[in-house]
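Several structures are given next for inspection.
Both complexes below contain chain A, partnered by chain B and then by chain C.
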Partner chain A sequence: MESIESRTTLPATFERGWSRARRKPKLRKLGSLVGVYVIMLIVAAIVIFPIYWMFTISLKLPREIYRLPSLVPQAPTLDNYRELIEKKHFLVNIRNSLIVASSVTVVSLLVSSFAAYSIVRFRYRFRGLIGRVILLTYLTPSSLLFIPLSIIVARLHLGNSLFGLIVLYLTFSIPLSTWLLSGYFRSVPPDLEEQAMVDGTSQLGALFRILLPLSLPGLAAVGIFTFTGAWNELLFALIFITSEDKRTVPIGLQYLITGDVLLWGPIMAGAVLAALPVMVLYFLAQRFMVQGVTAGSVKG
Partner chain B sequence: MSDRSSRLTQSRLSRRQMLGGIAGGVAAGGLLPGILQAKSAPALIQSGGKLTFWGGLIFSDEANKMLTDTVNAWGKANGVQTDVVMINQNETNQKVSAAVESGTMPDALDMGLDLLLLLSASKQLTPVDDLYDKIGAAQGGWHESVDASLAPAKFGGSRNGIPFGAGGNVLFGRKDILDEAGITAMPKTWQELSDDAAKAQKPGVFGMGFALSNVGDGNLQVSVLQSYGGRIADDAGKKCMIKSAQTKTYMEWVKAAWDKKLFPPGATTWDGAGDNTAYLSGQAIFIANTGSVTIKAQEDDPDLAKSTIYSALPAGPVMQVSPIGPNVRAIPKSTKDVARAKALIEHLTQPDFLKEYYKVAIYGPVLKDQDDFEAFNTPVLGGLRDLVLHDTPPGAPDVYNTAYADFSANFVVPKMIQRMVVDGLSIDDAIDEAQKQGDAIYAKYA
Partner chain C sequence: MSTLATPETSRPVGLARLSFANRQALSGYLLVLPALLLLLGLVAYPFFFAITISFTDRVVGEAGHWVGLKNFRYLFNQPSFIKTVTNTIVLVVVADIAKLCIGLGLAVLLNQAVPGRGLMRAVVLLPWAMPGFIAFLVWKLLFTPIGGGLNLILTDTGIYTGIIDWLGQKSTALPAVIIATVWRGFPFWAISFLAALQGVPQELYEAAKIDGATAWQRFRHITLPSIRPVILIVTLMSSIWTANSFENVWIMTQGGPSDATMVFPVLAYFGMQTQRLGEAAAVSVAMIPALLILVFFVTWLIKDDD
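And then the complex of A and B:
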């Protein structure tokens, strides 16, 4: 009987232990999940708060900004946006920046694709050296270059023009883009292009039909990087652009600081408007950024 | 020899020194004058052609517009195509650095005294003694402090700029808070100021809203140091002399105020707008400012503007130091039609224009006939007029020269304070360090 009880008790204990043991990993899993979410929430809050603060300041009047700091605007207003657009002509700055950044991105991607393709796929003397030296041109601090560049810009009559700014930015973006794309092109197996060429495609066709489509994530990343760089550039724009109607976004924002006075409301409204195109771009391109297009492209 | 190489051989300062000085961030100083009906320029000029003018952008849209409109109207009346570019005073140095090297300087431009000094030393400017004398004679003469600021001896033997407005600091005080603490008058000495600040200070409100950081406002501390009897250099302006018993006394005063938490904790890292922001947010009782805070407060916070009182900067145990900083218009050497540029500058000194312009700008007068302008009946602008009438030329009691400008641009005094209050260096060690930095700077120009 005892043994029977023992036998019946044992399974019950075992059952409890087993179910506890089964519950433990679940609890542990839930606990770690909660922990991960809490950490992610904290990180998200740290990242998002400045953006929120920027937005909320843009909706406040000066007195509220200075005297009544609060998380939520007490009397929300669009006056800062109105002032920025109507009095400071900020939309002109945005238009100029769009022209400059888009042109730089397109030209830079085109030229650097060819350059990177050449470095990665062709064999010629000093190829490796060129590949390395090309990055060095990008690494020179711009603050050291603005005096010599100002001489070149003046001699080429490129001063105070958006075209001049585009040319100037390309001198920085093309080397970097070439270097980045070289790395990406190297990760794409040449077999695919070779197979295409065996099937009758030209070298150029292999570049456009095989390599570039497979490199979309890399192109997207480089494009976004180039666009953002040109969109945010301040020093050269400040030096080489003088006319009000040719100012880009960073200069427009910079001119909201006059002497020792900062117009916080319009500055923050400008920052919100300036951030929108870049945010949209990131949103649209994020699919390419995270996608591994080449994964599994070569089997066997 | 090309223009470019002749420019360089003529330079008393090397190009590297000049660019270094400019890029060092010497305060360019704001400037400008305004609109009005266009009159023909007093001087005879040839019509046709183009004139580029870089005006200094200041915090007054009205003043900026007035200046632009006046220049354009002058151009129209004289058959000259004018291109007015308002340059933010924060960026003047970079713009000028690039323009000098690339040969794209405008025909005339506004600048502060520091930049004038550097460009004069490198022979980049056209002397305008004749115009300076002519304008002075026509309008009651230049104020002595302004005249002394531009003494030819400091600028290579000539007058290289025409002053159009004097800047300087006025002491701002929160009357409402001082009243609550039973303080009825603005302090006359720096010691009184720190005592009043300690008495009136309350949680969230700091007594002394003065920058101790590496910005132009931080160099107010040079004046305070001088008012304690400290000196930056010897009487000849050749050798750094910051290490002294007087400097030590001054540093003890700063340390005591810091320890009592009279300075806002961020004052050692403020940007140029730190004092403005502290005052406009109601977090400072006393600040020293050129007047931009008043304009901002009048626009955005009339209650704050009403509860603000003004006075001259306090004195130290030895003297009162409250330097003015004239802003000038100059003509670069590269300007082809100097007569036309002079005509424009002369036009911009016309009383009809300046009477209106001064009302919306933040400058004190530079010519004696301007003292009675209606604009100077307001507390702040009146205070700036008093500065011009009674106070010290730039740098005084030290010699204002390129070494002094470089010393200021390197913020040696604010850094000396930071080393003491932030890094915990002893007063003596902080002074020793500043002396070494000063020695290195003055040695460059010896």
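And then the complex of A and C:
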């Protein structure tokens, strides 16, 4: 997962507040209201301008970017997108990223569901210790691990393969997913599963037929977080992918900026294409999170 | 245990005599095993492996010999390593303070009942929803001397008409990286604080108002103490990530100009490219003590929370 302020580390309490805003008595003075709006406008401008600039540059030809810079594109064109897709093989990058991110999501959800189910519903020695180990692995930054991993990956012959990348991404998606899913599972009362098991359902049956369906919003949110985390990852892909046909989206774009001439038009076209699906998915996830985590945070 | 495929298939034969508690325990272990093996093999083992490598003169393709503290002595005499340490401290401290102030201010602001608040919350989330590497690509573009947005704004508004090479000169490179890092990071802080604020009982504020407390006094004596645990956890976790973030520096400056923005992960990455793995590993391992302190506090706080 991306390291900084990774979107996936949202504390459960956030959603509670996010979903039902509390009414405060209205601000009395008009003056302070104006002040609030001025600050909000400044913040909004600072947030939106870089995103706006990304879009406009992606629509500009070099002539307009360098010689006649202006805040509004004068002759918008889709040439940058065309060049990116036809000459830079960006669709190959997107395909690779899709393969990696969706595989990581499926495997991670399965393995993490098992682990979270075990930690939440079963009683055994070292259970607390195992939970702690999983939290610690989540806090271990990947920048500490990439040198030894390069040796281990070579030993396992996993270098320069999408499969190897999938295995490596599981190392940061599983701790996070397990942690979040444990929260959701805890919020589901165990009575239903116990009832089903009395009726002859196996423990795995109780997980798949009762607990997981009841945690569906949570599963969706965790799934989308895992997907975007794998979609965005740069460091491991940079180290372990060496051939051009296996590059993921971050690596494809990364190689565009290490050249001698920075082709900002195509680079920003790529940025738009890479950011859009993730940002859309992310806002879908928000809805799921609100429903799912509100229930999950009840355990308080 | 390894001979049993799953609890389901094995129960009737081998486990018939086991008590319920033992069967429970066995199923529990088997379910957590895949996750645990993967994490032990690809996180815990590499972590300790990194430490042993850092005490050897290992190069790519050769295991190397034990050299004790030689790599660390070498590093501590390197100007680029000293620069890395100070850069990281400046980056983490300044970015943390900025994100704390902006995040807290926005959270208090967005907690007010003003029209348009919902829209504003959605806007604040945007940098957070954006993939990190894209955010830093865009900031690299903004800081470009010609064609970048920042100089254009400065000249158009008449604030400064010269051309500034933000990422190309030593004096502005690190501040520029910090600005981009804060832009990408502050929404997480604002959101977390806002959530915490909404858990503070409203009655406290009303009682304080009746007693004549000013807005600042209410903030200082009610708001801050109530959300102190959240502030601590967010600050600690964010410090861990910021100190170890690779993509912000890699995409914007690759550590340059002349190490002005060099940080641990980028230095270790360059070290790895020179094939001298012992020295490269020592770079990452050198920050483990600081990291351990942060991690210790995080786990301690989370335990406290439960």
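Please note the rule applied: the second predicted complex is superposed on the first by the 215 of 300 C-alpha atoms of A that agree within 3 Å, B and C clash if a C-alpha of one lies under 4 Å from a C-alpha of the other, contacts with A are read in each partner's own complex, and residues count from 1 in each chain.
Just so we're on the same page, contacts are C-beta pairs under 8 Å (C-beta built on N, C-alpha and C of every residue); 3 or more make two chains touch, one makes a residue touch a chain.
Owing to the predicted nature of the structure, the values given are computational and were not obtained by experimental measurement.
By the touch criterion defined above, A:135 reaches chain C but does not reach chain B.
Once the two complexes are overlaid on the shared chain, A:255 sits against chain B while remaining clear of chain C.
Of the two partner chains, chain C is the only one that A:267 touches; chain B does not reach it. Of the two partner chains, both chain B and chain C are touched by A:146.
In the superposition on chain A, contact is made by A:275 with chain C only, not with chain B. Between chain B and chain C, the partner in contact with more residues of chain A is C. Once the two complexes are overlaid on the shared chain, A:42 sits clear of chain B and of chain C alike. Residue contacts after overlaying the shared chain place A:66 against chain B and chain C alike. Of the two partner chains placed by the overlay, neither chain B nor chain C lies in contact with A:30.
Shared contact residues of chain A with chain B and chain C: 66, 69, 146-147, 150-151, 235, 238-239, 254, 257, 262.
Partner chain C is touched in their complex by these residues of chain A: 2-7, 9-11, 13-18, 21-27, 33, 36-37, 39-40, 43-44, 46-51, 53-54, 57, 65-66, 69-71, 111-112, 114-115, 117-119, 122-125, 127, 130, 132-137, 139-152, 167-168, 170-171, 174-175, 178, 202-204, 228, 231-232, 234-235, 238-239, 250, 253-254, 257, 262, 264, 267-268, 271, 274-275, 278-279, 282-283, 286. Chain A makes touch with chain B in their complex at residues 61-63, 66-67, 69, 87, 146-147, 150-151, 153-155, 159, 235, 238-240, 242-244, 254-255, 257-262. Those residues of chain C that touch chain A in the shared complex are 6-8, 21, 24-25, 27-29, 31-32, 34-36, 38-40, 42-47, 49-50, 53, 105-106, 109, 111-114, 116-118, 120-121, 123-135, 137-142, 144, 146-147, 149, 152, 156, 181, 183-185, 187-189, 191-192, 194-199, 202, 230, 233, 237-238, 240-248, 250-251, 264-265, 268-269, 272, 277, 280-281, 284-285, 287-288, 291, 295, 298-299, 302. Note for the complex: chain B touches chain A at residues 19, 30, 57-59, 61, 85-91, 94-95, 97-99, 101-104, 216-217, 272-273, 275-277, 280-282, 289-290, 292, 296, 299-301, 304.
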